[in-house]
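The structure under discussion appears below in the form of structure tokens.
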Amino acid sequence: MILTATVAIPLAGALFLAFGPRLPDPIARRFALATAIAPLLLLIGAWFRFDPAGPQFQLVLDVPWVPSLGMGFRLGVDGIALAVAGMSALLFVGAIAYPVDTRGMARQYYAWMLFLEMASLGLFLALDLLLFYVFFDLSLVGMYFLIGRWGHGKPRFAALKFFIYTLVGSLALLLGILGLYLATEPATFDMRVLIEQQVLAGSGALAGLVLLCFVIGFAIKTPLVPFHTWLPRAHVDAPAPASALLAGVLLKMGTYGLLRIPFSMMRETFAVWAPWLAVTALVSIVYGALVALGQADLKRRIAYTSINHMGYTVLGIAVAGAMLEGNEAARQLALTGAVLEMVAHGLITGSLFLVAGSFWQRGETYEIDAYGGLAAQAPRLALLTIVAAFASFGLPGMAGFVAELHIFVGTFGVYPWLAAIGLLGIVITAALFLQMLQQLFFGRRPRRWADFPDLDFNESLVLGVLLALTIVIGVYPGFLLDAIVPSVRWLIGAG
Amino acid sequence: MPIADLLPELVLLAGAVFIILFASFSSHKYQPVCAGLALLAIGIAIVLAIMQGGKPPRLTFFDVWALDTMAIYAKLLILASGAFTVVLSPRWMATDRRHGEYYALVLFCLLGSIMMASATDSMELIVGVLLSSVTGYPLAAFHRAWAPSLEAGMKYFLIGALANALLVIGIVLMFGLTGATGYPDIERELERHADPVIIITALAFVVAGLSFKLGAFPAHAWLPDVAQGAPAPAAALLTVVPKIGAAIALTRFVQLLPDQLEWAWVVAAFSALTMTLGNLAALWQQDLRRLLGWSAVSQSGYALMAIAVVDSSDQAIPSLLVFLAAYATAGFAVFAAVIYLRGRTALQHYRGLARVRPWTAIAIILALLSFVGIPPLAGFFGKFLLFRATLDGGYAWLVIVALANTVLSLFYYLRVIAPMVFDQPPASISNLGRRTALAMLAATVLVVALGIWVQKLIEFAVR
Amino acid sequence: MSLLAILILAAALIAIGLYGAFSQQSFVMLMMGLELMLNGTMLAAVGFWAFSAAGVPEGQLLTIIVMAVMAVEMAMGFALVVAVYRASQADVTEALEGFKH
Amino acid sequence: MNLVDLAFLVNAAIAVYSGWRVFRTDSMVRASFLLLISFLAVGAIMLLLGAVYLGIAIFFMMAVEMMIMALFMLMFMMNPAGLNPMNMVHQEKLSMLAGALAFIALGAVAVFGDFPSRPRPEGMDVVVSLGRELLGDSMLVFESAGVTLLATMIGVVVMSSRRGRYGDANEGSVPPGLEPDGTPADQSEHAGDRAEQDSHQAHHH
Amino acid sequence: MLWLIPILPLLLSVLLYGWWRNAGRAALAVSAGLVSLAVVGLLVAAGLSDWSGAYRWSETLTLQLGLSGMGLIFALTVPAVAIPIVVYAAAHEQRQGLARLLALLTAFVGAMELLLLARDLLTLIIAWELVGAISWALIAHQGSDRRRVVHANWAFLVTRFGDLGLYIAAAAAYSRTGSFAYSELAQLDGASLHILVAGIVLACASKSAQLPFSPWLFAAMSGPTSASALLHSATMVPAGVYLIAQLHGELAEVAWFGPLALVLGLSTALAAGLVALAQPRAKRLLAASTSAQLGLMWIAVGAGYPMLAALHFVVHALAKAPLFLAVGVAAEQAGSGRFQRLRRHKVSTGLALASLVAALAIAGMFPLGGAWTKEAIVSAAGHFSVWVAILTLLAGGLSAAYAARLYFSVFDWTRWSHSAQLRLERAPVHGFAIASLATAVLWLPAFPAAWLDAAMPAFKAWELTASFALVVSGSVLGAWWARHPAAAFRSHLLINWFGIPAIAQSLCVAPIRVLSTRLARGDDAVVDAGVRWTSRLTTWLARHGRGAGEWLFDEIPQGLAGLSGTASRYVTGLQTGMVHHYYLMIAVGFLTVMIILAAGELF
């Protein structure tokens, strides 16, 4: 029930905003914020009701929807889903609270935001494969309108490219889902059944093709190199909160899906192809970092670091699925790291994109070189950006470090060389963020920024909360790990 | 004589005749009453058709007429489409002096499509095709003082006349081979004696002929013209209804064919060709109605997917039926929106619609997204079931082609949606009155509702 | 007189009709081509009825149906030609060029 | 060769020749008469085949139809009597090819197709059996055909009558205007727009 | 409980920051000094009552703290050195940003304590990187000068590159033992042991500025004086030495560790000595000297005497810190850190006297503690080979030379003068000088070995003699050079660290930068082009074709859309509007059916 409400409240809020009375802009914003806080509170409640020692999926709701297809409205969480969904809910609150120019269409803007929240949370909570797909597609629709309508630059082009490119991914996913579904007897989309049955085990080429469908589908969404070209465009032209959500929540759908579906439901096949996936992830890590270093555009740079970070996540997942038995400790570590990285990246990159939005609101440009010397002028902005940047390249004491350490150490236990090469990424990301900080905040301040305002209260609060949570996770990851690790262990098959 | 088995059809016939008489003997002012009469006839027919359901499938009238799930389902779909057409028509046709006959023709057209769907005799099939064609031509050309409408009707006729001739040749050849016209007899004869030379030729003729009604390659060329030029309610009718009948007719026909014949490949190839062709052609259209026409071509291609696997998957027929239902609702929703906007059709005239007329924009967006197959709209489940059946039938490549086409189609649907939502609106956009709006909203609600309660739809289709 | 001879004749008529339908610009001439095709078809139907269908009555009925197709299509065709001609003085297919692409 | 065969050959020759001449004459009226001759020859062959009812039906029907057609052409069409040379054809070579291919294909079916050999039993009453069929097994088909004819009549009247019940039949038979009392969305306008945009876009690039 | 020690300064630095922003200098000095003093107190308490600490992250990972004998030496030295430095900073550094500086210095101490107390590699990495990050913030402290930030980045990146070694080492340890704890490292063998050692050596070498990473220390000089003093003497740089000393037992399992450490240390000591000697700037001379002195510590560890390295660390810290502070003051007064300018300025007598002690300690002049540890290192090196000992002696001579050069260039007694100012600044320097003097106790016979419960190498007479001779001659040489700058040898190669930065620039930084720019450009041009070339084609076609110019043309999605667009034009071209063409299409369709079916029959 608690999970249903988590999904239903944003939807109700979105519908109310869209079709209800014409609320004035500030009220619409406050209403949206209140609506977005509700799922967060509900998920926190779910967090406390979740028993790590209990069964894998808890708080399960199973209502038949299309019984003749074996489809149901099935919601439920394990530690992983709970962590990712909780992070998403928080990020949505932040994104909605963050000031943005709604161009006189506040109601519509917040309605779409809430719609997107419904889709995102639904996806993470879904225990039904087809329901998962439903939310997967709905998230595209929501994001399409957000980018196209409130973006800048060439928003329509970006939105179109985003929608079409990721629809390709979602269709590949659909094909994979069908392949899996047709092999299931009796036909059902119940994830629990599918995980238990491992239906395509031992079916050779077919299983490989189905896996390929899933991997391509999620690789586009994640995105992995070379399916990433939609991402920078979409990021740059999207309004900042939407960018934050795109990076923080929507990209997670790819990795979460990878983990939830092919990893869990096709273990045997996944193990066969895991090395290749790991290599692809590695390419993403190094390539994403290198390309990010070469970007002169603030948002593009952050966008490419997303590719790098999602590469870590996929690496962790690939490593964890690399074999069916043996080396459980390392694989468990890698997968735990991957889940943590999802949470960490959501918070950190979400913050960074919000920061980028603040820059845009003040300077109307994303050119890094256009700024300079703002540390003294805008100390709060500088401090929060520096913290976010350091968190992003994995400084200990923050969430990113915990995640990446898990992934590296786990990967090393399985593919030492990949871990060693992947490590180079953290130097390059450090370089690119330091260079960015240097350009933005230090040196001489161009005269045009003489009255560059510092972050206002709302911005500081949102960023502060997100980054504080990053630090809390970095210092006290136990509270997350206690929920995640049992689920991970169950997935690895070690427990 | 089991006249009772034909009650819905007889009601339609009676309604049409009554409308003609009424129209002939009442003043111009009362012509719109014909719409009410037609609606009444359709309503009664729907009730009667529903009452036909729930019984075991059987053939009646000496194996000429089928009363099975397919037939009844198609009948209901066709009738419901007819009801939408009738509701959408009065304001559109208000200035026409032959307003009354229009509804009679609509009812006859429905009757012809129902005949196609129900025929289990090749002669009855010919008659059904003929009836739906011969009423379709004047419906398309009904705006007799408007060149585009006449041109659409004329082209519809020219292509249809050839296609029907081909269909007839094919059926005569089948008769020559089997000495029978009834499907059960043909099937029995073909099991005994199926000469490949004859049957291949006959099938080629029949496929070429039926592709006309289906709006599929190779005789699809009329569809965009009719969608663009015909009176908009008639365009909605003609892009949807004959397709339903023809799809069922083709399904019945190919099931007769012997297994060793590679007919499934033909259907699959035409399916791929049709959807690709339709989508590619729709890509750069500047005219919404024409775009919808091309999109209707591509939808025929999807429908053919199910027909290709009708023998190899028991999911094929239910999936075809659900798909057709989804297609019909979305098609009517978007056409209703066009009609509501007084036939506004150039894409550039849709700029900023979302702000001036949000509900209309929502109708169009939902309908188009349903065409794309965005869940949980009806179109998604239609496509999903189709894909499942096709994969199940072993035509994975066709599914991949269909998926690629879905991406392609998204592009041009977004070309409609983007300016509607993102652009600045004009000062005002006139509309065609509340009744049209209601029809539009009803269809839109159906697009969503059929997705959410798709279970009912499926249950009905597999019964 | 055998089925083969009938069918060859029917094939010839259909082929000529097809040629006409494909090549004639004028609506009316085009329709004549179609009629010729149907003419051949009727002949074939009767031939089948007589030689390979053991004279089942469906053969005759089929011929009548083909005849009906011909009559109905032609009647409708003429009506349309009249309407089009009246509206735009067009009597050849090339005149219908409003819809492209 | 017996008399029946000879009659068949003669009629066949007439049917083909006159059919061919339909598209080789300068006058539509002449063409329609040639078509009529072709039909009559086919009708004669049907009679030879024993299809009494059908043969006669063709005689009557075609005779009437062709007369209407000829009149029609006199009434409406240009160049009614072939006063001017008329050669209005397109894609003729392709059409020839299509015709030839059709003949080859159908001929091949006739030659190689293995049609069952089940000749009509001698002495069956052709017309009676047809009548039984019409009122028995295939009644629905026949009735449906009747309905079709009715619908056709309605359609034909709608499309072709010049005067309606309330004056000019076609007046006001147009779509509603984009604005109330405005003009309908003009289809040709879009063609114009497109051309305009073309040039604009070309300039732009 | 042990967690208190690192957390206290870290937490207080944040908590006090707000108050410090508006507090007076005296209050700053007292409070910041008290924080470090509290750390000392806690350490003493911990040492006396055997505290330990463990902090659970997850069921598999636990962070562990512990205190060992050597750890205690390092751990006590850090806050002890920090107290005078923060007092100096509070008294002397620019007021603007002072609170931040003090907070960072305090946090620096906390992070370093965490590093020293860590008893597993995970905790170590955390501390290790925190130290690096804080050093970045310190170096970039005066951020309005962009060069300083560039230097901070440079320093951070070089050390972070080294950190990768630590990550790899930790991963190797974990994958082998399932734990990060030092206590489990003994289980390692084979490849994983080699990886562990290599990783740790890499990390330590970069942190402690050994070759080839030494130049980053120059970059680190861009920070405020107090930051440099702390960074060089106690907090950042010695971490490398601490780690190899602490883990010496495990590292020495690998045969090549000792020789490698020796070679690294020796070559750094010599090279850095030369570099120091050639520097025209005082602070850079000190920076190079840090590398050289740490090189000596490496030699000690390599030779098997980790405790000796610890002692040298203490001695060095006590000497290096005051030199930095004193030179900082002098350079500030002179307005430049160049010897040229310094030579022309008066210096305060008190400062000069104190500096003398420190310089002598660095030079290794009897009877200061620095001399003892240096001699011990020479002896230790002698265990390896006489040649190593001789080279180490040479390194000692070099340190004497550069110490003398520094001293006579900056604090030559000919320029002493009394100044009433600078009292508060002087006190820390004096404190250090006194502490340095106190290290002379090391010369007490058998003192170190007995107290520290560790074996120390025995001195050899010839080494002592040679060493003394070299120190004296080095000092003379240095002094002479200082007095006669024109005669001083000067080499750009040496000044610029043998060109290592340039090499690194051209071999590493520049290629990566070029690569990334290329890729960034190429990411659009190449990767995207794979899907976009078709769209180019369409553009071309559209320009030259007939049906061009859709209003949405700008919005063609790259990729297949382009191809589809082209195909679309082709397909719409089929729809000619001519019915006879449609008829042909039907014929084609008919033929298609025939062909497919016939093919199906035949094959």
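Labels A, B, C, D and E are assigned to the chains in the order they are written; within every chain, residues are numbered from 1.
Assume a contact is a pair of C-beta atoms (placed from the backbone, for glycine too) under 8 Å apart; a residue touches a chain by one contact, two chains touch by 3 or more.
Treat the numbers as computed from the prediction; the structure is a model and nothing was measured.
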Report summary line: A correct list of chains touching both chain B and chain D reads C, E
Query raised in the report: Which is the least count of steps on a path of touching chains running from chain A to chain C?
Result: 2
**Report entry** Central chain (distance from its CA mean to the mean of all protein CA atoms)
**Finding:** A
Query - Inter-chain pair with the most contacting C-beta pairs - result: C-D
Query raised in the report: Centre-to-centre on C-alpha atoms, which chain is most distant from chain B?
Result: E
**Report entry** Of all other chains, the one whose Cα centre sits farthest from chain D
**Finding:** E
Report task. Express in whole angstrom the distance between the two chain centres, defined as the mean CA positions of chain C and chain E. Result -> 93
Query - chain B-chain C separation of Cα centroids, rounded to whole Å - result: 26
Query raised in the report: How far is the middle of chain C from the middle of chain D, if each middle is the mean of its Cα atoms, in Å?
Result: 4
Query raised in the report: Where the CA atoms of chain B average out and where those of chain E average out, how many Å apart are those spots?
Result: 75
Report task. Quick one: which residues in chain D touch 2 or more of the other chains? Result -> 90-91, 94-95, 98, 105-106, 109, 115-116, 118, 137-138, 141, 145, 148, 152, 155-159, 170, 187-188, 194, 197
Report task. Could you tell me which residues belong to chain E and also touch two or more other chains? Result -> 547, 550-551, 555, 557, 561, 572, 575, 578-580, 583-584, 587, 594
**Report entry** Touching two or more other chains - residue numbers and ranges from chain A
**Finding:** 156, 160, 164
Requested in this report: Report the complete set of touching chain pairs.
Outcome: A-B, A-E, B-C, B-D, B-E, C-D, C-E, D-E
Report task. Using the touch rule from the top, collect the residues of chain E that touch chain A in their complex. Result -> 56-61, 122, 125-127, 129-130, 133, 136, 140, 143-146, 148-150, 152-153, 156-157, 160-161, 164, 167-168, 170-172, 174-175, 178, 195, 512-513, 515-521, 523-524, 527-528, 530-531, 554-555, 557-559, 561
**Report entry** In the complex with chain E, residue positions of chain D that touch it
**Finding:** 90-91, 94-95, 98, 101, 105, 194, 197-202, 204-205
Query raised in the report: In their shared complex, at which residues does chain D touch chain B?
Result: 105-106, 108-109, 112-116, 118, 136-141, 144-145, 147-148, 150-152, 154-159, 164-180, 184-185, 187-190, 193-194, 197
Query raised in the report: Considering the complex alone, what residue numbers of chain C touch chain E?
Result: 21-23, 25, 93-94, 96-101
Report summary line: chain B contacts chain D in the complex at 1, 6, 13, 16-17, 20, 24, 27-28, 61-62, 64-65, 91-92, 94-98, 101, 104-105, 108, 111-112, 115, 121, 123-124, 127-128, 130-131, 134-135, 137-138, 141-149, 153, 173, 176-177, 179, 193, 195, 197-198, 201, 228-229, 231-232, 286-287, 342-346, 348-349, 430, 432
